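In structure tokens below, several structures.
In what comes next, subunit A is part of two complexes: it sits with subunit B in the first one and with subunit C in the second one.
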Partner chain A sequence: MDARLRRVNKEIADCKNDKQSSVTIDLVDESPFHLIGSFDGPEGTPYEGGRFQVDIVIPDNYPFQPVKMKFITKVYHPNVSSASGAICLDILKDAWSPVLTLKSTLISLQSLLCSPEPRDPQDAEVAKHYMTSKSSFEDTARYWTMIYAGGPGKEGLGKGAKGGPRDEIAMAGLDRAHVAQFEALGFDRAKVIDVLRRLNYRGANVANINDDRVVEELLK
Partner chain B sequence: MSTEPDKYDLQGCAQLQQEEWEILESIHPDCLSRDSSSGFIRLEVPVELAESTCVTIQTGQVDPESSYHPGPSCPKALSLASLPPILLDISLPPTYPYTPPQIQTIRATYSWLRFDDSELRDYLGRKWEKGEGVLYTWVECIRSGQFLDELQLTQAENGRRTIRIHHPMPGLIKPVLESYNASTQAARFSQNSYECEVCLTSIKGARCVMLLCGHVFCRSCLEDFWKLCIKEGDVGRVGCPDPGCVKEQREANEEEVRRVVTEEEVLRWKWLRAKRAVEKDPTVVHCPMAQCQTPVPRAPNVEEGSPYERLRTCPECGFSFCAYCKHAWHGPVATCPISATKAILTEYMALPEGSAERKQLETLYGRVALQKLVDQYEHEKKFREWLAQRMGTPCPGCDLPVEKASGCNHMTCVRCQQHYCYRCGAKLDKIHPYKHFSTPGIRCFQRLFDEHIDIDEWQPVEGFNVI
Partner chain C sequence: MSSDYEISDDENYSYEEEEEEDEMEVEDYDDGSASEIEVDGIGDDFKVPGGSERKVYEVDYMSLSQPDVEKIMATDVNYISGIFGVEPAVAAQLLRHMNWNKEKLTDKYMDNASQVSVAAGVDLPPREPTPPPPKASSSRQSSTGPTRTARRSVAETSKTSKSTKRVASPAAGVQSFVCPICFDDSQTETMALMCEHRFCSSCWKEYITSKVRTEAECTITCMAEDCNIVALDPFVKKALTDDMETWERYQELLVRQFVSCIPHLKFCPYPSCTNTVSCVSAATKSSLLTMVPIVACSIPTHVFCFGCPIDADHRPVICAVAKMWLQKCRDDSETANWIKSNTKECSKCQSTIEKNGGCNHMTCKKCKYEFCWVCMGPWSEHGTSWYSCNRYDEKASVDARDAQARSRASLERYLHYYNRWANHEQSAKLSMELYAKTEKKMEEMQITSELTWIQVQFMKKAVDVVFKCRMTLKWTYAMAYYLSLGNEKELFEDNQRDLERAVEELSELIEAPIDPETIMALRQKVTDKTVYVQKRNEIMLEDTAKGYLDGRWSWNATVDGL
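On to the complex of A and B.
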């Protein structure tokens, strides 16, 4: 009777049978309508080596309404909110089609990691970082992959997330010298990182931001 | 095998015939019928073409009797996947397959094909080889349309096979071929199975719907989908669920919607579409008839700036009205009552130039037309300013502005014959107009003439007295 249940069960079974792709779908609890999907970070991107988990909620009118997805794993990406994991992707909204499946949608998320669209950002700060300095952005994304998604990290030695304290400066994608410069004025380190991140104090953009402006923000 | 006919083992022949028949029956059960007592066989073989083959119908050439339908041959192109069956009545001699089968008659259903049957008989006859069953080969020759090549009715155009049929009445045979094609297509569709990508189940064609874009879904999925969209007012999503079609926003047409949902839902769908169109179209003005209120868009093909931009004719009640003043249509020339245009103009001019609201009014009333109104207003304003500067008091009787070049201040209006004072605008008595200038105490006393220049001119020229 319940077409939604039948379809979801079929999709979960299909995904289980497919040993080829890295995409998996698991139950959270008894309900087949709340799931966790996961996939590998695409090769050749800063997300390579990470494993990304996605919270999946199947709406009542599935598949005629889009499935609700957001990242559980923190991702540094212009189209993913760095705070909430919310995703900006057309097929999750108006371009949804009932023909799309959980698996094909997860694969679309995987390819979203390959091709960021900073002009239509979910996270404006990350998008600014991406536009200002792509290489610095990639370093940060790689660092996040290492910390949150179990990626191999910058050195590629698989240090993983467990060992050592997190480097907040690298997390924010900032330059150590810049942070030190304002910290030396007597400001709290965390506050300096927060302000510099918000101001996108990176790469070529540094020249556009007056020291006074930074201090003003720090004093707020 | 190749011995004299009369030496044939008739029993062996009968067995070979029986075997051939059984094989044929298992492959093409729909094409055969047989009167076993008389040895007559009827083959009814439909012609199956490659998907959407081009078929043209031409008059002339084939039948000399049709020469009383003169006129240029009129090719009518059709795109078909099947042609009606060819009927073959065959008698098999007891000695077949050692002697050739006899074709009694050969003709096309609905006479869609008129041919010189000896040509086709010869062609089919040549396929027979002594001792070999030929019926299957014949069926294949016809089914595949190979015989059309033999009759020289085909030609290759841009690498695709096209078929030319000669028929004296193309207008008659065309709908016959089309409907035959449609019914075989429908039969084929309902017999096939399709994988519905929404419920991920394989479903018989009879329970599926093929949309105009060619995508097939099961009826119940489409029904659920469209019913939900119609219920929620999401009319833009009533279309093919395929991701490509969704991206292109290809919406279903009325025919498709009717095939899937109930009449009541079709009505709501149409209402939603009309509503959306109204909300989208900025040229829409509602019919001013109190009981009607139908949204009326600007008529298409009206040139920009044309006075007909204002004309709206309500499709519901037929009322023709002016989009500006909402009064009955007063023709392209007559201007609207001032109050109406003034309200529009005031609203328009109050908005900043280039603003979205201004653009909206421009699409509603026509940019050029509005610009004309603005120009007219500016012109009038300038004229009034000029009047106020240059002109004296207008006529107190009819407001006619007058410029006085010279003369006295006693004016008589050319339009309403009112007498008045040019200096103060007072109405003057028709019989004693000069009292106004000669009565002490009135402010215009002794001011019948007050232009200094005039007075100067009357000054005696210096040295006049000397002469």
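On to the complex of A and C.
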């Protein structure tokens, strides 16, 4: 039998038999080379209570080349692209070793959620947010977990309504008062949110950005 | 060739010593091989006064075959093997690790042999839990720091490493070895490096094949996680068994690695060519400000620049200015397309890098430079000064505004040069068609006249010369764009105009229909014109080359290195 197939089948079977761990690996279709991995958000983090799905593609010369992984579930995290789910993690690149497995790699992703590395970001905007105000970042990450990963609602955040309309301001990790301030000038709310998010109009950073700069961006 | 070359072998490849080596080689190889571009058998008709001496716009160089380079490498390996008292394979890996700097290797090895050996992957780290020696070869270790390592160790790797240990003894011959990679328990052949991380032979073979063929990697570390032990050449050969193709590719990669470490060597950039060119006089960055080192490997059509990644003759403009111009053309035409494209040049060492997956954190394979795919800025800056790169790029938007504000005049100025540049490039491309047409014409001429095949070669020669001179002209426009206004520039443009006029006239002559009555006159005309065009081209190249040496050219933009 093809060594790659044998190895992947064994990895899938091992994962099924392990009832201890929250990590699961499922087939997308009949192919064992395109999979979906899932794991629970780590306890004591803003991702707690969420279930995160990862798209897994097994390359032709697996395990000699690293497996390709990206988040399907949207994650608010400095090392994960908030747009594409792309992940910046060394073992998915040059630190890959053929002895690593799908499961061990998923566990590494899980621990990546525990320990963000904002100095080596994948998503610069999210990383800025993290560096500017960790508590505001965590609120946003928690909100994303609730909206996208089925995490628990939290009072004061998104009015606790899981199925309800999304709170775009909370999604962007912004202050309601700030958004209202520029909305009052006649700009569209979505546009205001977009600009303030990009400018990292949060916490102590607000003092560094004058209103003219914001308006200039809004006019573009 | 190679035996002459060995004279310099025992010297170190560091810069200072190179100078002396230089002269030796210049004497040996000043055979004018660089100028053999004449079409065989008819060169005599077209001799331009000046003889076979090296022209001021030419550079001395020599072509080395892969075995030639391997011989040089072997000399270094034997030398190190001898003085360190280690196996040649170990010496080779130590040299590769130290980028073939024998002096530095000797110093470091004498200072602390064990540390160097561990870092080079030829020895196991000491057993005591002393802090591990800095792994200078790996940039990721230093950039990601201990957090990443910690993160990884959280992962389920203990299981796999345990299983490796468990099987280490059965593998010695007893029973039921389960390869920790393919999970196959029926494999009987196993292999392990000195670290005793044992895997089945077929996994080793696949792993090495993948490293060599997919990643073009010639430093092959153990498959176990975090194990730095390197598979030495005999191990690689044994693991590849009968796969000669991969073994040969591996050897080519070794030669490439060596060549890339030696400033006066460059690998021929033409696809599937394995020749190397040695060019001592163009080995320093500063030398490239006063010369354009156009060379060719032993295959005469493999013409390339020794000083930059341009795979063509870009005389008369120096590398740094040629690069600026090409960059400008790219930025001004299809910036967006360019950014979307999937390969880029490393902004540090210029090797081509392919994007792999969605992550924007790129590490250059060759020089280990870390940068951002989106903005091409150093990755370190994203960590500290936070200039953004995804979706929103302050710098890019400022540039865009600047671009809009740029005066119409400067755009028109650029277009003036660009259109002429593009026109010569286009015409030169069309000369392929012209070739076919000329062939037909030459057949016709043989039928309608008394001329022999050799005698009708003047047409082909004329097409060659037109092509070559259009290339010169093309680059003169890049040069003129950056030349400061003044007398010198005017003289430059006079030469340019004379050459251009001559080329267009010759071009017209070759494309005109043939009248059997006047064929002898045509032959004379074309031959004379060809000689004249060559002469104009000589003047153009000679004058610019002298201008560099005299420091006559001044630029209207900041040139890299000046």
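Descriptive notes on the structure:
Convention: the second predicted complex is superposed on the first by the 212 of 220 C-alpha atoms of A that agree within 3 Å, B and C clash if a C-alpha of one lies under 4 Å from a C-alpha of the other, contacts with A are read in each partner's own complex, and residues count from 1 in each chain.
Definition applied: a contact is a pair of C-beta atoms (placed from the backbone, for glycine too) under 8 Å apart; a residue touches a chain by one contact, two chains touch by 3 or more.
Computed from a predicted structure; not experimentally measured.
Partners subunit B and subunit C clash in the overlay (superposition on subunit A). By the touch criterion stated above, A:Ile91 is placed in contact with subunit B and with subunit C alike. Note on subunit A: of its two partners subunit C and subunit B, the one contacting more of its residues is C.
Of the two partner chains placed around the shared chain by superposition, subunit B and subunit C are both touched by A:Val99.
Within the superposed three-chain model, A:Asn17 lies out of touch with both subunit B and subunit C [touch as defined at top]. Of the two partner chains placed by superposition, only subunit C is touched by A:Ser81; subunit B is not.
Of the two partner chains, subunit C is the only one touched by A:Ile107; subunit B is not. By the touch criterion defined above, A:Pro63 lies against subunit B and subunit C together after alignment on the C-alpha atoms of chain A. In the superposed model, A:Arg6 lies in contact with both subunit B and subunit C.
When the two complexes are superposed on chain A, the residues of subunit A that touch both subunit B and subunit C are 3, 6-7, 10, 61, 63-64, 91, 95, 97-101. Taken together, the subunit A residues at the contact with subunit C in this complex read 3, 6-7, 10, 61, 63-65, 68, 70, 81, 83-88, 90-95, 97-101, 103-105, 107-108, 111-112, 115, 117-125, 127-128, 131, 198, 220. Of all residues in subunit B, only 197-200, 220-221, 224-225, 228-229, 241-243, 245-247 touch subunit A in the complex they form. For subunit C in complex with subunit A, the residues that touch the partner chain are 140, 143-144, 147-148, 150-152, 154-157, 159-161, 164, 180-184, 202-203, 206-207, 210-211, 214, 223-227, 356-361, 363, 379, 382-384, 386, 388-392, 397. Within the complex formed with subunit B, the subunit A residues making contact are 3, 6-7, 10-11, 14, 61, 63-64, 91, 95-101.
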